[in-house]
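Two complexes come next, and they have one chain in common, chain A, joined by chain B in the first and chain C in the second.
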Partner chain A sequence: MPLDTSTYSLALLRVDGRRWNELRRLHAQIRTQAAADGSSYLEMGHTKVMCVLTGPAEQNQSQRRGQTSGGGGSARDTASINVNVMIAGFSSVDRKKRGRNDKRTQELEITIAKTFSSIVHTHLFPHSSISISLHVLSSDGSLLAALLNAATLALIDAGIPMSDYIAACTAGSTSSHSASDDSADPLLDLNTQEEQELPYLTVATLGSSDRIAVLNCESRLQVSRLEGMLVVGVDGCKQVKQILDRVIREKGVQMIREGAVDRSDTMVMDLDE
Partner chain B sequence: MATSQVLLSPAELAYIHSSLSLRPPIRSDGRTSTQFRPLTAETGVLPGTNGSARVCFSDGTEAIVGVKAEIERTRADNEQEDQDDGAAQRQVRGDWVEIAVEIPGLRDDDASTVFLGEMLREALLGDGDFARKLWINRRFHWRLYLDILLISPPLSYPLPLLSLTTHLALLATRLPRLKSEGDEDPMFDDDWQASQFLYSQNESARPPITLLVVAIGDNVIFDPSKEELAVAESALAVSVAAAASEKVSQDQGRKLKLVSVRMVDPPSRLTPPGVPNGTSSGTGAAPAGKEGESVEGVWKAPVGGTKFAILDGIIQAVLEKGGVADEVLDGLKGVELA
Partner chain C sequence: MPRDAEPSLSERTFVTKALAEGLRVDNRKFDQCRPVSLTFGDEFGVADVSFGKTRVLARTSAEVTVPYADRPFDGVFTITSELSPMVAPSIEPNRPTETEVLLSRLLEKTVRRSGALDTESLCLIAGQKCWSVRVDLHVLNHDGNILDAACLAVIASLRHFKRPETTLDGEVLTVYTPAEREPVPLSWLHSPFCVTFSFYGEEGDIVLMDPTWLEEQLRVSSCTFSLNRHGEICQVSKLGGSAVDAPLFIQCAQTALSKSKEYTELLERKLAEDAKSRDKGGLMAELTAENDR
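Presenting the complex of A and B:
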């Protein structure tokens, strides 16, 4: 269903009532699944994903043979990261069954696996594999960003060392490629309706730094707008990182209070704040 | 089979097996033979579906089921004479429901995944009542998509978990209220508050549940854990549905109907046998005794089928008033439908 973007210029409000630089509600939980080594649940607006992580564990036969998504050539010395994205048939408005060999899904998997292979200290776990299963329960835009954020949380929950958070979000522009108006505003965190209509990119940064880990753009856009979109996107990633960090800290405090983890002498975190 | 292989030595298998063959059996988690593991369940977790449910077993396995409905035109060859109406419905009922099972780490066309899906489908369609609920008029019907997702890694055989989650999702499934009449193009009330449950609260019909039962010695054990499944002599999937009855009185209870019974290949058949001391070269004894003879306390993978008396006992225990199926259905009735 095409979106009528002409109303944006009237009140500077988007279809869901947000301003150009506002994120949707981001809600996350970690340690949602008792049987897994690491798990998380993340909502970005109506996009809902679940991540279940197993590993680092010994590689099984099939993974040893098909080292495709690991991203690293010298797979014996480092842990390989296998990503499985399962998009549930009920996730979109109309039910659509996507097979395992769906090209879009495979591209998502490879992007996520490559990103985390460069961030996770895989050299600490030779001959092993980390498998990340991502279940998409409901998709409403910014899917890759939500998957990256959920995978970050699950990796942290599993206690796998990595250099920093991967925080991701999308950024778009209020007018399409053909309409060449110069007053186009950049937009933050697009939903499905906006994604279908407007040019957008997904950007992920390393923590709250300006270092970009993922930049993915599949739509045509004028190169003069790229910089503005990128700035807004990176700024959004910093906000996302804050939220993810808060989720982790709250869970950590809760676990220490409940006595699940011993309080360490080197802890800098103040529990009473 | 969709379980990770249990790493137990033949001696451990023999120990578990002998304690489970006692009368009454002693289970490693202290349950009685008909007791289920505790579970947490919720419905209405996915607002974008017609019905959804999420169930977590205490061993950490978790499943989510979402039901989506679509309107579909009934194929023209179905429009026959009036008296054939019932028979014609039955002809197409199979493909009105589509079940897809997703198990992480397994391909969706993997034999065990397809087998799981078919077992659930067979139980659902085994009683002819379900297809009748999807019938709108002679030209249109509902098409139901059941997407069954196992979220956690498959620790134990996921059939009971998936079946209970599907049961709850179907109970929570609501379809818009039909406004049009007769055979005209269907028109629906767009008020979701006015939508109707697929399984009405007032009637006694309930979607089927599939229970996993194992037989060890002469004992029948319900809801086996993975260690118990690893020593099972035979494993059965028993599907039970509560039938619709016209007059429901409190003392009469629900009318249970056995929908299907299927043998599941237990993983115990793949386990290596133990070597008795008498024949072991390690103890210095001369290899005596015949090969394949069972020795007390030495593990030997079970062979052969299930005794008829055990099969009968299982069905008795499931179907009797106040039996296992009654207990499970009562427990699931407590789950609030969102």
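Presenting the complex of A and C:
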């Protein structure tokens, strides 16, 4: 793999022509699958994810026995969240066969399940389960972030009460892991090529607050760089939250216009904007 | 599938209330760890780590194998961790639980991906022969914080391990027994250590280090940092749980760095002690015919 990101310092433009603090095009849709309780489709650049959500529904036998609670409260008094991530064979450049027990995918599933167990008001649905199934159609960096955003949208589409959005994105740094590199810029929303060459982390925040729900870093970086990357990441999450919010609102307006939902008197939303 | 007994409601209230008042059940300070003990076995590469009642054993072994076809210049390095039903009744053999998946992923990221062991030095003949280094991790008792204990045990075991000396003469590869030639330690690049923080309270603003099993069951979220003593982060994982304020992570990273330096110091001291106790005075002392009377 040629070191293409090394040209960054020449024009301060990244391999895909973005500046350091620019997100890739984030396109999202909700209610894409008519049969599902909640569904969404999300693109972050070339990373494309589809989310289908079923529930809250009665637990089946195996879920009832093997339930793991996401912390807080007895497991039976809350809804369990089951996540299934399917990475399509054609999603990345080299076709890789991933087994059912791939630990990396399992870690993604556990992360997503644990995140939403503490955000979704699971105590409202005792003895039930919410299954989130995520399909990765195309993978080009920021995979965990895209999965979290897609799952948030699907949960909102299904009308499951939760305390806030989970908005996620990645942040990186143009430095290598040597400490001497002072001129390094932090980067926002990395693609695969950048992820392979530069240190990066995935951040997910609770809504537009500064509170971090997920922080995941798998590459070597200096401790002193963490703060800068975290600030950029949290800022990126706020932008992502705005975009997700807009998608939801637009869909809501559209549904009222089409008469799919009745307009209530308490609604303050201005439909004309 | 059997499940762990959850702490009762009164235990839960007692522990969380006490934490809110600044007290831990075993009267430690919030950032105080349990006494760490690290002992090496008679063989090279056996390390036994205990944090209070938590006890983990790691054993390193090496054998000569054929390298993978796609990486002819690299040796093989694997870490296998298995939690047996001995640890907790909820664990069934041959069915990896969530804890086990996370543990093996953590070790993979901390030790293997960060390049702590120089795998190229394990290559003997490119594409034909290489060393396969394998670390087997056994959790003997689980009283909280197995991640940190497991990581320390794996690193200690690898640092302590010595593989047989080899020479290559033309096409002939000779592996010497320890009696013929002194075994050599692995080519080691840096030692990362895991430090886990547990968060408590509604806002997740109470931070505990080295929790016991009871405390671990009651935490709202946790975050594991892996760092070496040079201040390089190899891995950070806060996988879900309640949200925690961002500035808290910066503080935690600094604490983790000083803790990692402590572990490094402990490991170096123990390794030096072990080397000293093994040193019988060199070859001359071994070859004398004199007996102790």
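Methods note: the second predicted complex is superposed on the first by the 263 of 273 C-alpha atoms of A that agree within 3 Å, B and C clash if a C-alpha of one lies under 4 Å from a C-alpha of the other, contacts with A are read in each partner's own complex, and residues count from 1 in each chain.
In the analysis below, contacts are C-beta pairs under 8 Å (C-beta built on N, C-alpha and C of every residue); 3 or more make two chains touch, one makes a residue touch a chain.
Owing to the predicted nature of the structure, the values given are computational and were not obtained by experimental measurement.
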Next on the checklist: Using the superposition on chain A, tell me whether chain B and chain C clash or fit.
Outcome noted: fit
Checklist entry - Can A:N21 be said to touch chain B (first), chain C (second), both, or neither? => result neither
Next on the checklist: One more residue to check, A:S208. First (chain B), second (chain C), both or neither?
Outcome noted: neither
Checklist entry - What's your read, chain B or chain C touching more residues of chain A? => result C
Checklist entry - Touching A:E227, do we find chain B (first), chain C (second), both, or neither? => result second
Next on the checklist: Once chain A of both complexes is superposed, is A:Q29 in touch with chain B (first), chain C (second), both, or neither?
Outcome noted: neither
Next on the checklist: Output check: A:S133 vs chain B and chain C. Expected answer is one of first, second, both, neither. What do you get?
Outcome noted: first
Checklist entry - So after superposition, what is the minimum Cα distance from chain B to chain C, given in Å? => result 15
Checklist entry - Residue overlap on chain A between the chain B contact set and the chain C contact set? => result none
Checklist outcome for this item: In the complex, chain A touches chain C at residues 65-68, 70-72, 74-75, 101, 103-104, 106-107, 110-118, 177, 179, 201, 205-206, 209-218, 220-224, 226-227, 230-231, 234
Checklist outcome for this item: In the complex, the residues of chain B that touch chain A are 46-49, 52, 56, 59-62, 64, 66-68, 70, 100, 102, 104-105, 107-108, 145, 147, 149, 151-153, 155
Item to check | chain A-touching residues of chain C, taken from the complex the two chains share | outcome: 1, 3, 6, 96, 98, 101-102, 104-105, 108-109, 113-115, 204, 219-221, 223, 227, 230-247, 249-250, 253-254, 257
Item to check | Complex interface listing, chain A residues touching chain B | outcome: 33-36, 46, 48, 50, 52, 54, 84, 86, 88-91, 93, 95, 97, 99-100, 131, 133, 135, 137-138
